[in-house]
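Labels run A, B, C, D, E, F, G and H following the written order; every chain starts at residue 1.
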């Protein structure tokens, strides 16, 4: 690797994520940082995925997993990183709760699927994969509302990240019409 | 203690908190559990304390602490339990971050001040003081908006819970007019 | 307290749990400890609550919570102590995940409701409440199959343990006919 | 590495594990995800390694270790990831408990030996080695019954993963005839 | 309680443990603190329970548990507090590993059975029960050699601490003749 | 207990600590909270116990322990709560590192000996003993300089808190002349 | 890579940091290790960032973040590694607290910006990136006083480390004139 | 890398450590695994570094650090992995306690210096660097007695692993004559 390329990569390790910033750049006014000083509104309204929607996602994801004969765990976390739902499927391995949780966490943190994000992580030097709580294997999908990520859905347990992601997407599809 | 009283206390350990439930019972419709099944809205709007308001609270609390010549730490957590702000004052003891954090956590969890809540904890048998992350010493104050707790302010470091609470209240007062 | 009574309590702190031991004493042969030495079967069949049943319980519990206008979290753990399901309701406090988890853990550990178990915990000296991961507030209910606890359902968030328990029982009732 | 190859690897990071999925694909009907909705059986029977078998495995492994003059620790975890047995041999290093535990956890999670699994982990980009609790050094062996992994045996302490695995296999051999 | 008694208890909270200090007072010379300054021997010989003895204890304890139809976990820790052996019996509850571990830790820390030690813990004010890692329920038994505790055996899972202790003692008895 | 007394205790749980606040009230100007707004000095000078003094304290404490034939661990933490020194004596129990660390932490947090502080902790309701990281058994002694606590010395392992404290005081005495 | 180069890198993994050692080599006499034995001063004066300065830094950083339309978290840790300030901005992701904290920790640990330090971490073999608590993505900046690092400012949440660092530098600039 | 070489590396990841196994192969009879079954001695004598020797090592290491004008932390752990001594030098960074601890842990675990061990860790695929608690930067040195590692000395804080190791070796040298 040439010196100048390396330098540029170090300086802007996450520059590949600029698209995401763009995607969510048009965020709702009420969530924007207060720019007018201390007289600003003290309470900002934030969209949160409902428990009912979380159940619907998990149910649909599990149905897809059954169809694909996969034994998986589904985890949904909200934008604060706290668990909204955990559902460990029949026969899912002991590693699946944590892998699903981290995929969900990663997706809601960066606002993109973990499979996309993983393409930018090469193992050569520092990367966002070093941030605690993250996991860049396929299977994590963000839930967006009004241009901002409000939750993450993570699935773990299938033998390939592609399948995990398909299951997560099936879950997300079940509520797609109800996310403004 | 008579047997029947004891039984009643065990059965309803938290009954002393009914007032709180009432206080926040008239919560906004958009945060209510979906009762009409899966066709309900998938996103609920939730009030969150702004970072600007958090800074304002911390600043005012620290000014009050300076006035009272106390060395304290201020912690503000949101309704998900995540830290919004931590500010360790000059000379504050090493135990103050965690004590302030837990007071804030407890206040936002139960929607009342920790000093009030502490009156119901007697040390004789199971109580809400056994719930992880809580602390029932004075100094924790809830921040409410539209009838629901949205954040907790915790202060630790003064030699009495009364003083810690006064400092937290001074902080809260600085944004009171801006909480709908 | 007289010396002899105290001594007896210390010696047999958990003697109040003898009823439970009786209740589950007639456990199925396949789960009994091998008494005939090393030629015994290497694999024992163990009943595990299905993911589908866990979802059914959570769904029913949440409906009951909505009916009672309570904001709660439901957690179901299996007999190994691992989470089977976590569902945080809309507006449930940040303390509810851990309190529900511990109630579920306690119920499946001792095979009785946490409200019953809590009656034996007085705060005077060592007790089972000192065991890590437990919580003896009302709201934890064991799920039994063939005379043995196979899972625990825990609910946290209502202002009284009685209500939490009623919600958990409503969940359990939804699968009662399907537990042999 | 060419772009298209890289993309394929990212998309299907775990595709090398497809063989495993096949190996355990013919899992017993009672552990399959419920496909017929909520009327399905609420309890599924699951095979669990008996404590007696765990002791037999540990004893045989330790005898093999003594024969090979190795100082090791043996850990056996069940399919929920919980420890079934830990035995630290005389003079085994302080790192051996955790390394053996993680090898056992990894083997039961993915249903293959850690030495096989490790061949697919190259350090270039995200991989299953990023999942918490795993370790891909030789010495972890799955215990299977009726086509599904029910436990993992992990050995740590020998100067090579080959030797650790041989010791684990010697342990497993002692109960091989008793696993249906 | 009278003031003076209270004061004395506070000042010498652990004075009830003086007997223990006596019991192990005649400790072997090689483990004594160096009193002659820096020219003393840099290596002290310390007795450690062998892995073989640990297995023998666990095996005998499990046989006793089977005889008493109890489902328990046995944990043995050495004088450094590290686990030497963990064996979770068939059907033992999820709380038993940690309760057994803490009983073993407590017994080897203070050189007495946890049932004896528990008599001195009343819940009124600070006590040794506040030290992390300890548990003062019956079922923990120290293993002594040449007048000093070298290991602790802990049993958890029976409905009474008396039974847990009897099982631990049965294990200890199996190696009693081999402890000098 | 009468209602009004109870109320007063709840309101001012830590009021017994007022003496301490007084003792350290005349703290040096450079550590005082900035009262004049944001133009204040950005760096405050803080006294820290030197590593050399920590070694001297530990050495003297260990010599006293040897004289009293006690097997103890000495821990010194600084005002930030971080460990400055840990020294585990020959034959000291596995619980001593953590008990000594917490005593040291408690002493530097509140600026008084743990034996004094423990007198105010009765086990009836919330108290400072609920703050994480603290331990109120005798053996913790603060190190003060210019009227403020700069470190804590904790000793654990003797059969009585009195003896632990005497050993800690012997250590402190060795540097007393060098603390301004 | 040639053998000799590899050897040199292993032997002196951190040699790239020599510049830093030089930069801070002329540290103030009062913080230097005691070279004259045990008669040295027992208390060393250490510069600590004031709470007021921490608030000023956070405020300025947040204003810069608003200007750049970034949603970030700011964390300031002192030289002991303890948090001095945490401020989570409106809409900042759940990963930002920990990433900002680790960047701050890394900057104050090594006395250089994380972007500079990251250039020396290549992912090929052991490096300082393996030290717990560190993170080598851009956004961490040391605060120095009298030639020594006294605090670290970390920012996380922007799509590039460059932007995070610019925000941190804007914060630092606000107190630059007040650091001697 | 050719396929066959890769396979061999995976199969025998730690084979480079065979020399160590040889070095400590002639371990004392009393620490050898019992080969003659259950009648073997239940207590094995194990050499442990004395507290006095630990203090001597730390003192000498700190003197060497002062001579080299380095600000370091020294940690000594015993063969069970438990801390024997921690001494944080004046001005040592917050990362040094954990880095020194892990170097000491690694050295006593594998019986070689961390600088030697680090040469075998390349970052390409699974390696012993994945074992929890380890760190393969220079500065960790084993303490051996009668052919077996009984403790590890770790130093952290110098800008190069070479210097850290030289300081650790200077400490070890101070007791070399007293290790049989």
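The working rule: contacts are C-beta pairs under 8 Å (C-beta built on N, C-alpha and C of every residue); 3 or more make two chains touch, one makes a residue touch a chain.
To keep track of the chains, here are their UniProt names: A, B, C, D, E, F, G, H = Heme-binding protein.
Fair warning: this is a prediction, and the values are worked out from it, not measured in the lab.
K.L.:
With a step meaning a move to a chain it touches, how many steps does the shortest path from subunit A to subunit E take?
P.N.:
2
K.L.:
Hey, what chains does subunit E share as contacts with subunit F?
P.N.:
H
K.L.:
Same residues or different residues: which describes how subunit B and subunit C meet, taking over half shared numbers as same?
P.N.:
Result for this pair: different.
K.L.:
Can you work out the whole-Å distance between the CA centroids of subunit A and subunit G?
P.N.:
The mean C-alpha positions of subunit A and subunit G differ by 29 Å.
K.L.:
What whole-Å value do you get for the distance between subunit C and subunit G if each is reduced to the mean of its CA atoms?
P.N.:
So the centroids are 47 Å from each other.
K.L.:
Please output the residue numbers of subunit E that touch at least 2 other chains, ranges allowed.
P.N.:
As it turns out, subunit E has residues touching two or more other chains at 33-34, 44, 46, 48, 50-52, 55, 62, 80-82, 89-90, 94, 123-124.
K.L.:
Between which chains does touch occur?
P.N.:
Every touching chain pair, ordered by label, is A-B, A-C, A-D, A-G, B-C, B-F, B-G, C-D, C-E, D-E, D-H, E-F, E-H, F-G, F-H, G-H.
K.L.:
What does subunit C use to touch subunit A in their complex?
P.N.:
Touching subunit A from subunit C are residues 48, 50-52, 54-55, 58-59, 62, 82-90, 94, 97.
K.L.:
Would you mind writing out the residues of subunit G in touch with subunit A in their complex?
P.N.:
62, 65-67, 69, 71, 89-91, 93-96, 98-99, 102, 115, 118-119, 121-124, 129, 135-138, 156, 158-162
K.L.:
Tell me, which parts of subunit F touch subunit G in their complex?
P.N.:
Counting only subunit F, the residues touching subunit G are 33-34, 37-53, 55-56, 78, 80-82, 145, 150, 175, 178-180.
K.L.:
List the residues on subunit G that touch subunit H in their complex, please.
P.N.:
Of all residues in subunit G, those touching subunit H are 6-7, 10-15, 17-18, 20-21, 25, 27, 31-35, 44, 46, 77, 79-81, 105-106, 108-110, 123-128, 130-134, 148-149.
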